[in-house]
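In what follows, subunit A forms one complex with subunit B and a second complex with subunit C.
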Partner chain A sequence: MIVENDGIADTLELRRESTLARGEVMGEICHHLAPFQVGEKPVAGDTVIAKDLTIDSLAIMDMVMELEDRFDVSIPMNVVAEIHTVDQLADTILKLHARR
Partner chain B sequence: MGLFDRHAGLLEAYRDVRTTGYDPFQIRMERVLSPTEAIINGRKTLLVGTNNYFGLTFDPSCMEAAIEAIRAEGTGTTGSRIANGSYSEHMALEQEIAEFYGKKHCMVFTTGYQANLGIISTLAGEGDQLLIDADSHASIYDACKMTQAEVVRFKHNDPSSLEARLRRLGDRPGNRVVVLEGIYSMLGDTAPLREFVDVCKKYNAYVLIDEAHSLGALGETGRGLCESTGVIDDCHFIVGTFSKTLGAIGGYCVSDDPDFDILRVTVRSYMFTASLPPSIVASVRQALKVVKAKPELRKQLWDNVATLYDGLAAQGFKLGPEHGPVVGVHLPDRMVAIGFWRAMLDAGIYVNVAVPPATPNGVSLLRCSVCAVHTPEQLNHMVEVMTGIGRQLGVIDDRTRRVIGGAR
Partner chain C sequence: MKSLPTRNSKLALHRAGFASVPAMLDYAAEGETGVTFYNAKGEQLSALPWSDVRQRAHVVARKLIGAGFARGERILITADTWPGFFDSFFGAQYAGLLPVPVSIPVGIGGKEAYLDQLRRQIAASGAVAAFGLDDLAGYLGEAAREFPAVRLHGGMDVLHALPEKPVDLRPLGVDDLCYIQFSSGSTRHPHGVQITQSALMANLAGMTGPAGLDVVVGDRAVSWLPLYHDMGLIGFLMAPLSAQLSIDYMTPRDFARRPMQWLNLMSRNRGTISYSPSFGYDLAVRRGAAQVPADLDLSCWRHAGIGGDMVRADVLERFASTFEAAGFSDKAFIPSYGMAEVCLAITFSPHDRGVSTDTVDRTALAETQRAVPAADPTDDRQARRFVLCGRVLPGHRLEVRAADGKVLADREVGRIFVSGPSVMPGYFGEPEASREVLSSDGWLDTGDLGYTLAGEIVVTGRAKDLIIVNGRNVWPQDIEWAIEAKRLTKNGDAAAFSIDTGEGERVVVAVLARVSGEEARIALARDVAGAVREAIAVDCDVALVPPTMGLPTTSSGKLSRARTKANYLAGLYAPASPSSKPAAA
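Right after this comes the complex of A and B.
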């Protein structure tokens, strides 16, 4: 832990924040979607959320709220409506996060 | 893909529901006898699911006012408020509602649904941000589909969740409009309105509150949650309905905004539908007088709420979080809910059944709404009937009664 130089600590913090890893976002999304998996096919980037899984539209919106708070971004409902795959959802979160 | 294929999932769920024998979504009220009784399936049935909180549908003074209005002005206006459908009585009703809230302006709509739909979708436009509670009524969600504004949901009744979303907007341009409800219609819980208002003030957001289920029920003079929490002046827009406590149909929105009346020529659900018929306007005006003149109805309502809520709680039923004119009874799943509902109807008691996808968090509920003119005997009888069915279906434990009874 760097305690004697707040400036460096801030810089490190900033860098960590700004380089949100795609893997971290994917991991979080997959964690939320795993309970809705059909059969043995795991949730992947090209999984179509509303079609390939047993999740309903209300649960999708609730998951989005959880993801919003986890990554401190807001995803407007009209943007959510355009998202179909797990990849698209991850890209949206990364884009919004980078824009903060 | 066929036209109806997209509804396949819903159709399947609906088929399940109908296997119980009755279709809860196509119940026929063969004859309505009073605010609390009707003939259903040939049997006299106690009504505990009608949103008729003050029982004013059969108030003699309201009925007389409606009959007189029909004789004087006919059965309908056959036109929109912006054409031939604004009568003196519509204007008088708007003035009376504005005065009731101590606000300058009021617009009356043909339904409460149309009030929310039109006001919310028009208030927030392109470049604005609309922030809605996750458990909002369908009319609010539908408004969100129509608006050009950006829409973000926050967690139900969670001011910190709203705050996080307002904070994230930072210094982005645009008006922020926050939409709340006084009492939520499924579980009967109230919004922490004071806390919400504080957050909205901090971020300079407008507050719109829908008092559909709280008009009459909450506040010293029945104006709703905005009154009982002392924040009427901080609520920029108050929406409500005539179809619950006031016993008719219609909706309204009041505001102090000096430019409010421009909405009369911009809100499409106000402009492009026929106005309320004279009989409805007359009965609503009279019902508002009754609400003001008979505060004892509010006390009766809350006494009845206590009888039903506490009675069910004592038997071990899992209920909504607080006393309210809507008492939501949690059941484990859709089929138990439908079975329970059917058993109650067979025993002569009508309540609403609410199942996913119409409910928050996928819960299955029996939704009871209490009326000021229910008798304690009617409600005690209902608790008894529900206890019997609850035990039979294994929803409540046989022992609960003894344990709680012993503790009392």
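Right after this comes the complex of A and C.
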């Protein structure tokens, strides 16, 4: 009985996760960050958000809020405090989304 | 869920005059009012009548006493706006322990800076336990690791897991301390203000009394202010509690995200008292004006207080005109002045007057330290407008003094000193730092500059180098240190200060550019701004100073931020960062 339930939960989780592709999350993040890029260097996975771009702290907060709304997740403050790069932000959103 | 009532059905409104925090909670718990927590969508999360707050605090107190914590020991608490803070703060009050409320992490990538702050606060307060939001339990553990004195730490589950023992409560009384307020001193060398029960009671009496907000039956408080600041904790928890009011809360984060929810909450729950630094009113206009709900009704807002940063008339005028159609009256504004060293408040503007300003000549102000009325108040280059912040509370005194200690006359600018029953006994465990600001006859050097005008105080700036941005106190040393920590500059090669843009403070960092080539210069400026943003969550402009020029120093060889700023404003240093906006003097 327990095993069966677990199986169903796993299937549901997989199905949910498959509806959100990493590319979609990255696309959304880059869309938010593109106006703040420096020079010709495009926003990429290893871009350090607070450092490599000209985005200010209020705009970062706005972006995180919009991403949370867009993907229906809530990023805990301790997790936010450990995010530095675009990749880390995308992975966090994917992980939380899968866990919904 | 039903919101808690604004009025108590039977309990008479008793305005301050209690002996201690436990005594005022005991009284409020006899009524039906209390605190309600709301989320960013304006939905009610939970509601605690004061009777529940007291009941839960008693349970926590018996657990803490049962766990062997000794009277007077310090308990660090992350002061987010959530019921756990109430449980632990008031639990400590009934257990004879001293709460040490601390902030929560800000922004992305802020972990290391936050851990560093926690460690310094544990060290400065000598805390023996640390409790917080479940999300922060790991951080508390990491910070506490190097402090063997911290016997218990974690989320609220750790506190609730303690057995409740049949012990007697040992509430803090009139001769005890109440808590330790961190908000003064840099995060590198934090000073904890000792808030005593008696000073707090005196300040609450002033705040809720006729010279303060004159709290009456029917008042209801609404607040998004952080509970780790004196304005949030004393102004919007202790003061409403001392008059048995109901309070509606949202978190500072949710306010920053959805400022209109603040006004919606006022309107829906018929709030009458709410405060904000100028920047909060500004945020509400900038991000809320486009989405004002048709049914917003702010005609209930009796006292719209301003404090915590320089009061800005232009911002308040914009707020009033934006929300006039929604029933807001500009007469509701109460510019106020205070600091944690006097618990919270020291002056309040008169009721029903709104913002009263004095426009003075910039040159006379800068060169002769005199506030001479401007010949042409509309000429922004020559005229500077300041807001009158009202009279000192009854039983207290305020003086503006010259450098030699002489008390100055009206319109002469000097340092602001205050004395009276609200003044702190000193910083916790810091006799030397306390002596620097407190005289033996009880006068506090506020570190602020200002002048008097017909009995009211006008604050013109700060004698200290403190920077206030978006309501946050930021010490320039912390900014410079963040840059040095990233090894972007050597010690003493960076000077941080703020400039008044007319709309707020803008942080500027002047750094010695020991690099050559345009690309390297741009990279340095970007890295400096990035380091500051990451460590302090503050945006700054960067000015590159040629190494040959050097940064100005005082006669004793210390970095002079004031002269660096003067040089910058005189155009000696060109802004270098690609993100730099032109400086406005």
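The rule we apply is simple: the second predicted complex is superposed on the first by the 81 of 100 C-alpha atoms of A that agree within 3 Å, B and C clash if a C-alpha of one lies under 4 Å from a C-alpha of the other, contacts with A are read in each partner's own complex, and residues count from 1 in each chain.
Note that a residue touches a chain if its C-beta (ideal position, glycine included) is under 8 Å from a C-beta of that chain, and two chains touch if they have at least 3 such contacts.
Nothing here was measured: the structure is a model prediction, and the numbers come from that model.
By the document's definition of touching, of the two partners only subunit C reaches A:84; subunit B does not. In the superposed model, A:56 lies in contact with both subunit B and subunit C. Of the two partner chains, neither subunit B nor subunit C is touched by A:34.
In the superposed pair of complexes, A:48 makes contact with subunit C only, with no contact to subunit B.
When both complexes are overlaid on chain A, the residue A:76 reaches subunit B and subunit C alike. Ranked by how many residues of subunit A each touches, subunit B and subunit C are led by C.
In the superposition on chain A, A:65 makes contact with both subunit B and subunit C. Common to the subunit B-facing and subunit C-facing surfaces of subunit A are residues 56-58, 61-62, 64-65, 76-78. Interface residues of subunit A, counted against subunit B in their complex, comprise 56-59, 61-62, 64-65, 68-69, 72-78, 100.
Subunit C contributes residues 104-111, 114, 133, 135-136, 138-139, 253, 256-257, 470, 526-527, 529-531, 533-534, 537-539, 578-579 to its touches with subunit A in the complex. Looking at the complex, you find that subunit A touches subunit C at residues 38, 48-52, 54, 56-58, 60-62, 64-65, 76-84, 89.
On subunit B, the positions that touch subunit A within their shared complex are 134, 144, 150-155, 161, 164-165, 168-169, 356-357, 360-362.
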